[in-house]
Amino acid sequence: MKKFVNDPSAVVREALAGVAAAHSDLRVDIEQQIVVRADAPRSGKVGVLSGGGSGHEPLHGGFVGLGMLDAACPGEVFTSPVPDQILAATQAVDGGAGVVHIVKNYTGDVMNFQMAAELAADEGIEVRSVLVDDDVAVEDSTWTAGRRGTGATLIVEKVTGALAEAGAAADAVAAAGSRVNEQSASFAVALTACTTPAAGKPGFDLPDDEMEIGVGIHGEPGRRREKLRPAREIAAMTVEAILGAKPLAAGSEAIVLVNGLGGTPLIELYLLYGEVAALLGKAGLRVARNLVGNYVTSLDMAGMSVTVCRADAEILRLWDAPVRTPALRWGV
Amino acid sequence: MDVALARSWIAAIAAAVAEQADYLTQLDSAIGDADHGVNLNRGFTAVAAALSSAAEPAAVGDVFVKTGTTLVSKVGGAAGPLYGTAFRAIGKALPAGSSTVDAAELGVALRAGLAAVQKLGAAVPGDKTIVDAYGPAVAAFEKAAEEGLAVAARAAAEAAAEGMRATIEMVARKGRASYLGPRSVGHQDPGATSTWLVFQALADVTR
Amino acid sequence: MKKFVNDPSAVVREALAGVAAAHSDLRVDIEQQIVVRADAPRSGKVGVLSGGGSGHEPLHGGFVGLGMLDAACPGEVFTSPVPDQILAATQAVDGGAGVVHIVKNYTGDVMNFQMAAELAADEGIEVRSVLVDDDVAVEDSTWTAGRRGTGATLIVEKVTGALAEAGAAADAVAAAGSRVNEQSASFAVALTACTTPAAGKPGFDLPDDEMEIGVGIHGEPGRRREKLRPAREIAAMTVEAILGAKPLAAGSEAIVLVNGLGGTPLIELYLLYGEVAALLGKAGLRVARNLVGNYVTSLDMAGMSVTVCRADAEILRLWDAPVRTPALRWGV
Amino acid sequence: MDVALARSWIAAIAAAVAEQADYLTQLDSAIGDADHGVNLNRGFTAVAAALSSAAEPAAVGDVFVKTGTTLVSKVGGAAGPLYGTAFRAIGKALPAGSSTVDAAELGVALRAGLAAVQKLGAAVPGDKTIVDAYGPAVAAFEKAAEEGLAVAARAAAEAAAEGMRATIEMVARKGRASYLGPRSVGHQDPGATSTWLVFQALADVTR
């Protein structure tokens, strides 16, 4: 296995040690595996907390800081955090105004956050949850686990974080997060599988001329496999899937994320962004804001996802609000 | 089953999970995220440590509650809450304070564990999950319970194995494998497989 | 070949189209292949320009903006830009106070920039050049091409850009850049080779249990090959090579960059940063500032480089100065 | 050599470079950055276009100056300035305005091209560069010049081939291959190889 690691089972803790060394404005509890804003808890401010399996960096630890998350609780690689850990993070950011949990829709994440919310309630902390399920590669259904949470998580975290920073109440913060989620759709394509440190080998084999369509961010295979095609056609397929699945009305404004899954170089992501922006323009959407880079990753997977969020004036205002985190920074 | 036997069961599960960790992870790699074996192994290693460091519990139920609580706080993912809640429910369903329980009582408790799993995860039979091994195992255990623990445990293990194998042909509707839709067919469910290990361990220690 | 591209020979231009679509505060000339700050040229301000082969993104285009570069001229993948192109960029940022070229020490880059500087002189534009040659994996010698320019380029660009923004004269800007270069050392290790779109296959084969030590950022093999080792030992080897090659005196402050070569996930880079910071601390250096991420890349190569720059108060002040570019942003 | 022959030579180089582009890139992949064939092919494609679109130049020298100027503005990397400067120097060293040049005059011009390459790149023989094929080629050309262009060109091509092969054993001291130090031994230099193509093309069109 080709990785810069010492002991596969210590990767998350050792990476957190690096985060602690690198970012003096974060408080990192390596044992509990939580990353907290140095000034948390802020009395009267709603705490915004997110978490999930590791391996998606900079999500979530890289988004802790002014104007975004108050804390992140990274689980083991691709494994949701455990209730105790989430509770500890919840307590660390509780300023008396309640805490909002941002939870990606995976069975494990949902159950562990649910248990943590119950434990927090026992401690007198009010928790609101925002469930993110933006990945339209998966069909929505009450009979299944439903859609996965992927790229839109970043937008939900940015918008809720900005609203909480501005002093909004927990209900309003959670409602804004849910609104962003409802108005967002994502779709991903992979060119290679990723390798978890524990497994030590790629999750699946993909011939040199094939791609996986509709993958998630956990190294799982996608919905189907196809022959590799030019970037332009992949972009078209992606945009079509997104616009086909959610009513992102023509004439509206959008925040667009062209996201690398970890192993795809920026030059390809920009090339894709050019294609995606042109296609969305043709469909009548105005791209008001964009982000191109590796933000919601799947370890070393070569691949990309596109997220489109229909954005009204409030969402754009919150998106533009100052943010100072390791991975996202503007206005301060 | 007395406290010592309960502990042996848990120890046998821990040993089986450790031995089969790579296999479980490999199954999870095909239709999930390649961590099921790693997760359970981390959890049961912690359980084994917790049980051996703590004073001998007075009641059989306490062994299982402790097991479940440890799993919840160490495993994460889907398996942590599901197995954790199951063992906590099993422990709590046993007669409070009893230092021995009979097969019928254990059958009731196992059924309570299944109910807890289904309440938490909302999976029904045929969804290609833990439930597909756990359900048949409990039914077989209950049916054979009057023939004694050893017989019931062996029946449960066999039924779990059969349920596990039946997941191969299923289209997943819960858990990560559900994202694959029809592509999940042809792969054995990792969680159903670890459930079989749990019941096989019971058969082994009661033989 | 597994890449999101259309036509291998059009990758750079198509990626520039994406850059143009994504960043409205940059002016992109796709035909000429130059990226320029929207407000350039600023009368009386020294223009700071950098360029080199593509494939190292976000270097250099991602560092164009307030407080850093005025323009970048990306060549084809791994191929230095041509004199006409560099001249066009030089003219685009000439505000009458001269232009500083930041040139990485590669035969091709040096010659093409040299020719462009001569053409610019013919047009009455004074050009100063800062040569960056920080890669201590290569031995320094007047008989060879000398050391390569790698990670320190980012620090040179940041510091010169800040100084030019503050109104300094061309000589002072160039001198500061050269000082950063002299006080910087870098070293890189790769776990895989990279694949250029034109070649379509990896530049070299590397068995699953081996690493290349002392690689550059152009997919070339390194100085030697060794069995893969734990991250801790790789970090130690890297820090040793850096401290052994340049006198970065104990007791001084440093800017440290732990940089991914494109295919290495952030979780590994943070893990490495933890190791590197601890080792530098033991050696008596105080890490005053750090950057962890993919900044000076080699397409999809899995690997990392460490750059240490001994930083005095002036360098730190210029490092901290406001910057607003696609890939580096703070203070504004 | 008249203007038409000069153009044929450049056309033959362009054809050879196009045909051998993958091979050149492959050589550059081993000890460089895998772009030499791509770079030269882009350059000579542009040269061919420039020469065919422009009006027939009046002088032989103009063909080479135009070739060099186009290479400088299209190739980039090390090869662009080096080959570009070489052809510009060759063109400028030929008698101004002459529509035909003899072998001796061409020999002088080729020597001027070599000098320009060495002035720009500072490489000396043995550094594993273009110079190691170009140097022997010019020397052989000069020596055979009085026997006529065809003979001189053939001698130059043979010497270039020998010089090219000799680079295999050299440790690179200039260009990207120098970063590899001793690991550059055992690989033929891409630039010396393209230089051989240049002289082989001359031999082919003068045969």
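Here the chain labels run A, B, C and D in written order, and each chain numbers its own residues starting at 1.
Everything below uses one rule, namely that a contact is a pair of C-beta atoms (placed from the backbone, for glycine too) under 8 Å apart; a residue touches a chain by one contact, two chains touch by 3 or more.
None of the values given here were measured: they were computed from a predicted structure.
Q: What is the touch distance from subunit B to subunit C, in steps?
A: The least step count works out to 2.
Q: Whole-Å distance, subunit B centre to subunit D centre, using C-alpha means?
A: 74
Q: From the C-alpha centre of subunit C to that of subunit D, how far is it in Å?
A: Taking the average C-alpha coordinate of subunit C and of subunit D, the gap between them is 32 Å.
Q: Go ahead and note the Å separation of the Cα centroids belonging to subunit A and subunit C.
A: Averaging C-alpha atoms per chain gives centres 29 Å apart.
Q: When the centre of a chain is set as the mean of its C-alpha atoms, what distance in Å lies between subunit A and subunit D?
A: Going by mean C-alpha positions, subunit A sits 54 Å from subunit D.
Q: Tell me, which residues of subunit D touch at least two other chains?
A: Residues: none.
Q: So which bits of subunit C are touching at least two other chains?
A: Correct list: 77.
Q: Quick one: do these chains touch in a line, a ring, a star, all-to-all (complete), or other?
A: Its topology is that of a line.
Q: Could you please write down every pair of chains that are in touch?
A: Once each pair is checked, the touching ones are A-B, A-C, C-D.
Q: Would you tell me which residues of subunit A are touching subunit B in their complex?
A: 9, 53, 75-84, 106-108, 111-112, 115, 137-139, 143-145, 148, 196, 198-199, 203-204, 216, 218-224
Q: Note which residues of subunit A are touching subunit C in the complex, please.
A: Spelled out, the residues of subunit A in touch with subunit C are 1-7, 11-12, 14-22, 54-55, 57-58, 62, 77, 191-192, 208, 211, 228, 230-232, 234, 262-275, 277-278, 287, 290, 292, 294, 297, 299-300, 302, 304, 324, 326, 329-332.
Q: Quick one: which bits of subunit D touch subunit C in the complex? Just the residue numbers, please.
A: Of all residues in subunit D, those touching subunit C are 25-26, 29-35, 38-39, 42, 72-82, 120-121, 173-176, 178-181, 183.
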